[in-house]
Amino acid sequence: MAKAPILGLFETADNAADAGDALKAAGVPQTDYDFLTDTPYPEGAFGERHEGHRLYIFPFVGALIGLTVGVMLTSMTSMAYPLVQGGKPIMSLPPMAVVTYESTMLTAIIFTIIGIIFESRLPAFKQGLYDTRITEGYIGVLANVEEDQLTSTQTLLTQAGAIDVVRNSGGPGA
Amino acid sequence: MQEGTPLQSRQINRELLVSILNSPKWFWMAVGILGLIVLFAMGTAGLMINKGMGVTGLNRPVMWGFFITNFVFWIGISHAGVMLSAILRLSKAEWRRPATRAAEILTVFSLMTAMMMPLIHTGRPWRLVYWIYTVPFVPYDYARGIWPNVRSPLVWDPSAVYTYLTSSILFVIIALIPDFAVLRDRTTGISNKIYGMLAMGWQGNPRQWKLQIIAGVLLSALILPVFVSVHSIVSWDFGMAVSVKSWHSTIFAPYFVVGAVHSGVSAVAFVLIILRYIYGWQNYIRHEHIDALARLLIVVATGWFYFLVMEIVFGFYGREADEIAVRNLQFMITPWNIWMMIFVGVTYFLPVAIWLSRSARRNLWIMSLACISVNVGMWLERFLIIVPGLARKQLLTFDWYTYTPSAVEWIIVGATFAMVSMLMLVIARVVPLIPLYDIKEGEILRTEIKIGRVSVPATFRED
Amino acid sequence: MAATEPKGHGHHAGMWVFPDASAMSQDVSAKTLSMPKPFTLALMVTGALFILGIVGFIGRAATDGFDEMAPWGYYMAIFSWIFMISSAAPLAAVAFRFTKSHWRRPLSRVAELFAVVGILNLLMFIPMMFLLPGLGNPGGVVEGQLELRRTIWFEGPIGAPHAWDVLAVASLAVTSMVILLLSAMPDMAESRGTATGFRGWVYNRIAGGWYGTKRQWNAQKAGLALLGAFYFMMIIFVHFVISSEYAQSLIPGWKDSIFPVIYSVTSIQMGLGTCLIVLFIMRRWGGYEGYVGKSTFWSASKVMLGVTLLWAYHLFAFFITFWYGRLEVEQNIIKYLIVESYGIIFLLNLVFSFIAPFVLLIWNPVRRSAWGPALAGLFAIFGGLMFSIRIFVGSANAAKGDEIYAFFLEHVPAPAYPDVWDVFMVIGGIGAAAFVYLASTKLFPLLSLWEVKEGTLYQKWRKFIRGEYLVLGKPE
């Protein structure tokens, strides 16, 4: 059976955490519900699942690529136009190090940016259920439950103190 | 240290988005006036391109003057942004929260402005076009197989500045995503579409927040070494030259970096004071923040002063006649010696004397004065490094000369200040200059510790 | 064992400790008095090395006397090594007290205690004074030579350079000693009634009038802040003096404005590194685990990483300027100190001052451990030893005789290898510093009791919604 999203809005973080506990008790797997907030709460504040990520790989890969590009650019352009200036060798390592350093850092940073976006699972233009009140300070508890459990989940969220519960109006798949 | 009253999300949205959603009436007028100044300067630059560099005061041997001074100055200002936001993020200073975004955006605009200066200074900026049609969209000049000389600092310089510019822009954009989502939820029509695109479907789930926080720290740690390299390399534009005495000093790199931080942080403090005034952000940019910036500035300024003394001491240390000639010009010959005194006074002694007093640190008028004073001084610093060195570059005294800037240079240099102000105003119209989520995070993490009868402000920390 | 509840789970385990303030004083003063076997052994070994160092010194003096500087290069190097550590270590206490960082609290006393090693330094400096040549060329105005040596004193105020150098080194040592005594005063007052013998005498002399009134606390804190600011400026100045007098000014034509900065940065890296080594030993074998959380290592290691990067940065700023300038003297100095004569020493210097600690400290799990930062500290002090040898032995041996008054270094001198007396002096110097430090830990408690106690007021462990987190109060 298909799963459908349901979003409860809470005024206080404690109520939202209660809702999370209730969902967990009701047997909803931790990967199927999320807490939507307008500000970063400390990790584990809602008793939410632990999120792993591999962001730290990105800058290293980027740095490696940048290093290669930097070494190639500096050495090959030096050789392609071998004009001695100021008595310095054609292949002068200290200046090459400067440019290579910049290219390394640049690519590392660009890869980190890509990594952040990718690991945040963005862009996500086909956004799921959402409510603009979340950016007003309400805390959303977004659950993906079996369609026949929607009503019971709605009750559960309301009991935890939700001031409003939002469901997709368009039926399954909407 | 936290002062002020707790704030609600809704109130934070309303107050911090005021520059975007309820832009003040004078906005277009101010942008218009600043824009006219910039246009006028562009016209002047056009005249200079048309008539040639003869309309400036540049000459032999003083071939670098106001434009290059201004270039170094704006590169310096750009150092505030990342230094502030990176160092304070890494050290988890609570008072960073309202200052980071404005600082980062000031970085971007001052870098852009800075990069215009050498282009104007070349006198033939259309050579830039070659970059585009040698290889489409690859900004690397290799027309006719003549590759740029990697051994020249003038190639290191753009590589560093563009790295810094790209990184800073990306850094700002990443940190803006959650705030774009707030704007997406508060706007309609075309702006809603645009902010929606920029927010990339941000929901604010724990995973996204976790990565946002890590991004702030990780990118800070990555950009910090770039930031240090940028002004170092700018200093090597000068420091590598043996022929110009007083430039070839090993301390130039850190000296320039610390000087840049000094002027940049002062500039950020000034920008924050202005923002507080024009948008009524008294609840966000509080006296404690300006106070903390001022205390940081005492340390930075004193560090800078140490480097200045080292630079001067080791200038005389060699006791070489040609270097002494430059120092003689700087310290003995009017008007240079007067400028020198003004420079040291307004860059170090006056502002530090002000910052040592707590009540002065908390008086915004006096703080503005101190910050402007530092920046006047830092502009003079670059001028007094560049011009006297060149004026005494030649071995024989009949080749010595001096430099008087022309009206063209004054107009173009003056207009860069209008341009940065205009760009800051325009950007304040489209993105929040104080990060909303950072302020909100600060609000939820604040707490108190009771010790006997007093309660001490405290914060929750993840680690 | 201390009554301590460790908090935090997973990778937070052992990060923070919340010691029981009431049990701490007794426990720590018992530790201060006790003489466990390994400690006694360490004291004996380092004491023996100290004597070896004195033998080396006497041997060197008997062989070469004090007229020439060149044979004393290794003595200068080991002086500088101890000086770099003992002068910069107290900065760890001063600087982080200034920034009001709570994690510094268990580190403070470890750092301040290096003031005692500063006294050893002061004694070691006496012979160096006799070695330093005067400013003026004894030959007067000589063709092809300078009339005055290039020094930071220029024409020289009266007494330059000797009197001023002594004044600089002495006032630094005195300031750090005063900081130590002022900071340890409340702790000494705690056990002045029970302490006996020399300890009792010192405690009563220094802390006899301390009752911990509000006024006294305010005065103590203000005093520490002022002395700290003063110490900061002093140390930068004294580093400038030492690095110029005993290194830069001895190589003709070496005009390098960044060198004092490099010297200070190396020193700060070594000072902080040594503190972390001591802290690690305390925690691992000294029974201080309940008082020293890993967060101290974690926070200090970030500073350490920053300083390590700064070291490489300043070195490169020096190198590229000289390399690019390509003046004859610049090339000779690079060849002498970096590439040829002291090439291997430089390589070791680079590896241990920069590459090894950098590669180690970029990993967060390593920074969060206790051993990682301490190992980085060990690398740093070895790298610093190589730095000292390269620079000070190099400087002492660059210019022989009146060559020191030459316009610039016209050749690349050969490196100076150590003889048996030099080896004795270097090993003995390291032993002497360790001996003095170890002995002083029996006089002063190794933990700044009042600071750690103060810290327990401002650091709490609290529940927030579903999680538990550290709460840090900021006193103002």
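Going in written order, the chains are labelled A, B and C, and every chain counts its residues from 1.
Just so we're on the same page, contacts are C-beta pairs under 8 Å (C-beta built on N, C-alpha and C of every residue); 3 or more make two chains touch, one makes a residue touch a chain.
Being a predicted model, the structure only gives us computed values, none of them experimental.
Chains that touch both chain A and chain B are the following: C.
When chain centres are taken as C-alpha averages, the shortest distance to the whole-protein C-alpha average belongs to B.
The interface with the greater number of C-beta contacts, when A-C is set against B-C, is B-C.
Our note on geometry: chain A versus chain B, Cα centroid distance of 30 Å, whole angstroms.
Annotation: 44 Å between the Cα-based centres of chain A and chain C. The centroid of the Cα atoms in chain B and the matching centroid in chain C are 35 Å apart.
Residue positions of chain A touching 2 or more other chains: 13, 41-43, 46, 86, 88, 98. Residue positions of chain C with contacts to 2 or more other chains are 320, 324, 326, 464, 469.
The set of chain B residues touching two or more other chains comprises 225, 460, 462. The part of chain A that touches chain C in the complex is made up of residues 13-14, 17, 20, 41-47, 86-88, 94, 98. Interface residues of chain B, counted against chain C in their complex, comprise 1-2, 90, 94, 225, 228, 232, 236, 239-240, 242, 248-254, 302, 306-307, 310-311, 313-319, 447-449, 451, 456-463.
Interface of chain C with chain B (complex): residues 12, 15, 146, 150, 152, 154, 233, 236, 240, 253, 255-261, 295, 298, 302, 309, 313-314, 317-318, 320-322, 324-327, 457-458, 460, 462, 464, 469-476.
Taken together, the chain B residues at the contact with chain A in this complex read 8-10, 13, 142, 145-152, 155-156, 159-160, 162-163, 166-167, 170-171, 174, 177-178, 181-182, 185-186, 196, 200-215, 218-219, 222-223, 225-226, 229, 233, 436-437, 440-441, 443-445, 460, 462. Of all the residues in chain A, the ones that touch chain B in their complex are 13, 34-43, 46, 48-49, 51, 53, 55-56, 59, 74, 77-78, 80-81, 83, 85-86, 88, 92, 95-96, 98-99, 101-103, 105-106, 108-110, 112-113, 116-117, 119-128, 130, 132, 134-137, 140, 142.
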